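Mind having a look at this structure? Questions to follow.
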Amino acid sequence: MQKILEEVLEENRHLAKKGRVASYIPALAKANPHHIGICIAEINGNMYKAGDADAKFTIQSISKVIALMLALMDNGEKVFEKVGREGTEDPFNTLYKLDLPHTEKPVNPMINAGAIATTAQIKGDKFGRILELIRRITGNLSIDYSREVYISEKETGEKNKAIAHLLKARGIIEGDPDEVLDHYFKQCSIEVTACDLAKIALFMANGCQGLPSYGEIDRKTLYRNLLAIMTIGGMYNVSGQYAAEVGVPSKSGVGGGIMASVPGRMGIGVFSPPLDENGHSIAGYGIMKSLSHRLDLSIF
Amino acid sequence: MQKILEEVLEENRHLAKKGRVASYIPALAKANPHHIGICIAEINGNMYKAGDADAKFTIQSISKVIALMLALMDNGEKVFEKVGREGTEDPFNTLYKLDLPHTEKPVNPMINAGAIATTAQIKGDKFGRILELIRRITGNLSIDYSREVYISEKETGEKNKAIAHLLKARGIIEGDPDEVLDHYFKQCSIEVTACDLAKIALFMANGCQGLPSYGEIDRKTLYRNLLAIMTIGGMYNVSGQYAAEVGVPSKSGVGGGIMASVPGRMGIGVFSPPLDENGHSIAGYGIMKSLSHRLDLSIF
Amino acid sequence: MQKILEEVLEENRHLAKKGRVASYIPALAKANPHHIGICIAEINGNMYKAGDADAKFTIQSISKVIALMLALMDNGEKVFEKVGREGTEDPFNTLYKLDLPHTEKPVNPMINAGAIATTAQIKGDKFGRILELIRRITGNLSIDYSREVYISEKETGEKNKAIAHLLKARGIIEGDPDEVLDHYFKQCSIEVTACDLAKIALFMANGCQGLPSYGEIDRKTLYRNLLAIMTIGGMYNVSGQYAAEVGVPSKSGVGGGIMASVPGRMGIGVFSPPLDENGHSIAGYGIMKSLSHRLDLSIF
Amino acid sequence: MQKILEEVLEENRHLAKKGRVASYIPALAKANPHHIGICIAEINGNMYKAGDADAKFTIQSISKVIALMLALMDNGEKVFEKVGREGTEDPFNTLYKLDLPHTEKPVNPMINAGAIATTAQIKGDKFGRILELIRRITGNLSIDYSREVYISEKETGEKNKAIAHLLKARGIIEGDPDEVLDHYFKQCSIEVTACDLAKIALFMANGCQGLPSYGEIDRKTLYRNLLAIMTIGGMYNVSGQYAAEVGVPSKSGVGGGIMASVPGRMGIGVFSPPLDENGHSIAGYGIMKSLSHRLDLSIF
């Protein structure tokens, strides 16, 4: 396994040169484009890593999965009254459909509009609870958010502000949209490593076992929703292509991370900052393809 | 297993009363709303059936899977230059996106626009080859199409005609759109039973093994595309919800059928004509939920 | 006046070189790009012409005004239950809005979808009555349609076919969409001269006086609708810009003609085949700007 | 004339009962639904009024015309690089098109998105200059804005906030969107009377004569743009219907006002708070129809 990881990492390292580090948030542009890492956490407890598996990066959209987890525990499947769970060919920051009269809610919790509508449904201190849950699942109490990235997102996230105010205008979120957005920007700024992601992925691959309580949802409904929704929308508007090519429920973030859960087998964390035109780690996508073929990971 | 099938069938029979038999094509409105059947074909060769598993009905949109199979064998993954493989929240007969300048192709081969663009890519006698492949996979040489339903579709399918001409105007299909549509209407009019569907589903669940040739695609790429695309879009704009609730790659048709492939385990055919508002067999959906829970079928 | 016409024609002749003759219909591509003509018919009976004012060309979209005239006489303002009378930024062949649930009808009778929905509301022999009315208004009984252009449109008008079938699917047109389209293709193929257009324009500028009957509408409501709708949409998605720059209710056609009515003063016909990117005669637009400035024609 | 005004007012007074006072901004809901007034200012200097022509109300969207006037004087027709001048069937607060890749700018300066993009182009103190210009044109130095309405708009205008941030994200407005919006909310909160509106309308009907300077635009281009754009979009998505029925360049506001310019003849101000479903004063629309018929005001 260790050898496979190292081979796969080297085979895909060159892809990073074809991508571009996210620059729409100034603080993200500072990421080291040469960083590349893989971590696998198996259900039997073994962990394997290669490359920069312990380098920190911001979790970005991968936090949407944790937000969904909490929203489901707080509200059960009522969450889906405010956000759908379907795929889409529209990009991650789309909002036009929410201005059409027949649209009731954002298409899924993985695009920005749906993620903001999901975070809005978390009770109490939304960001605080997301951070706490990530710490609990990973057992890594040192995880925190980057003030610099958070402030940078807050200052420049015009599209997300448009989305939040539109959600408010449509009655999809309650409370102050700027406040919800503040939690959302913070959750995206949480810093993790590929190994942290592998542990979160393993937690879901293992049926979300081990929490003291699941609130308003039962454990099976929880993890099936999470894995199904990652499959349907975790890779945005190439989720279907990714399902055919990789076949593992996954979520990517513009920080360069990809988190992948192989049901009943393992969790995977991958990290390489340069992105393709859809906003996914370009080497990360390649690594996932290689791993899926080498380890026969596809659920299909 | 036999007992489970019968129980599941009885538990869900009442749902049919809440649905409505498809009426947009006059000939479909004649279907018997009381028909209900299940058939399971296991990978070990066992078959189980309950209710009207041998009653005939038209395959309708389930034929889109067979058309995709042939288009992939004829063209390899080049098929996806003319049709995407992403999910959507838009209904099965949507066309508006194809009139927006930035849209290049129909979102997936499971909605009507994508299916017409898929059938158009089959070489030679498109309908003839679809029928032949269904006969070969099921081993049922008596399968044929219903002239009455075909003529009824042809006379009334205004939306599909609009789609075909728009695809032609956009350069997505070549040749005469009326001719492609003629093949499409015929393929939708093929009459099958729940057991025929179970056999086709088993064929995919078993990795599409047993064909003399796979043309321009390798077998693994073929079945992974089929299963992934059914998951992403087989149940149209509730595919994601269905993935969370049932978790089995499936395709439904307005004739009342649902075809479901459990990878490595079994194929399932379900039949009950009354439909829900999204165009799926309402009792069929219920049966699939029950079967998934009772037999632990979810891929997630 | 004669001198002004000749000067204006020469000043704008060079613009034709920047445009391109319509080629989406093969027969249209044969038009002579060097043809250019102006004709003015004043309310006092005087007529002035310059250049190729007697050269024939197909009326194309300018026929939409005549179709609207007849539909209004046949149905009164009930016409607007099936077609709106608002402007739009979408191009002349747009159809996507008709596939959105909240859209009830095409936006106006000047875009193709609205024109087809308008022609569909003419009673009896739609094309025959359009031709007859044009002959009556112009007093030119030799006006007829071009079989070659008609057949060419019929063979290649895929977008219009998509529109007609979508209108049928939405219940906006009754009867056979292919038949309505046949009338529509014929009406677009009527051959006229700049002077014929000037006479039709004068008829409206003069309050549509002189018809034996106005059917279901009164004369004032008729001409005010015609002039208002030409202002709002006669130049498609540059109607507003044209209203600011020229300020005369007008309608253009891809055959290279522009017909303009100056209320209470005159009718103008302009002709030059090369088109700009919005489908308007490029020199024709320039001529209308010059005439408006020289003769102070703006209604604003 | 005085008699006509009084008759027209009484004939249309009952319409107010069918409408509803704007309530989306809490402070607007306090308007007196029984108020109704008309004021006409003729080009020869005569003024006529009926009913509550001196009652104050907030100018709301009518301020968009003044903002456009200033933006044109500051930038000339370069204004139209950031906002179009076409009609639309979409409602006044639409934003979806701005999220589609092929859309470059808001459709016109009369819808909210276009108005915000227009105000953003005014140099210096945007609101201050709008107020000053209104005072100058009306000669009424006591005109000011309502702090209560301004604060109410600012607290509740979620859709406008979404629009402003989207305009920023798309690069259509520069500078701080919240600051532009602050000016916009203030300009909408300016309190005027029907007679103030009549004077502004007269100013345009008279060719915008009398300003010390027109900045980057010539006077004729200025007033023709203003009148054309009011015709194309001043009544939002019923501008075309209004053009056919009334035929006078006009602008309405949700405060209940309508301002109408009859080129070369007169300016009209109308006021009655209850609105129809498109956001226009319902009695005001009726009064404009009556006045147009009685005084033969249509430009068509």
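Some observations on this one:
Going by the order they are written in, the chains are A, B, C and D; count residues from 1 in each one.
Methods note: contacts are C-beta pairs under 8 Å (C-beta built on N, C-alpha and C of every residue); 3 or more make two chains touch, one makes a residue touch a chain.
Because the structure is a prediction, the values reported are computed rather than measured.
Taken together, chain B and chain D share the touching chains A, C. Taking A-C and B-C together, the chain pair joined by more C-beta contacts is B-C.
Ranked by how far their CA centres sit from the centre of chain B, the chains are topped by D. Mean C-alpha position of chain C lies 32 Å from that of chain D.
Note on chain placement: the centre of chain A and the centre of chain C lie 54 Å apart, centres being C-alpha means. Between chain B and chain C the centroid-to-centroid distance comes to 46 Å (mean Cα coordinates, whole Å). Taken residue by residue, chain D touches two or more other chains at 97, 100, whereas all remaining positions touch fewer.
Listed in rising order, the residues of chain A touching chain C in the complex are 100-102. Residues 80, 84-89, 97, 107-108, 221, 223-225, 227-229, 231-233, 237-241, 243-245, 247, 249, 263, 298-300 of chain C are the ones that touch chain D when the two sit in their complex. Against chain C, in their complex, chain B makes its touches with residues 94-100, 158-159, 161-163, 165-166, 168-169, 177.
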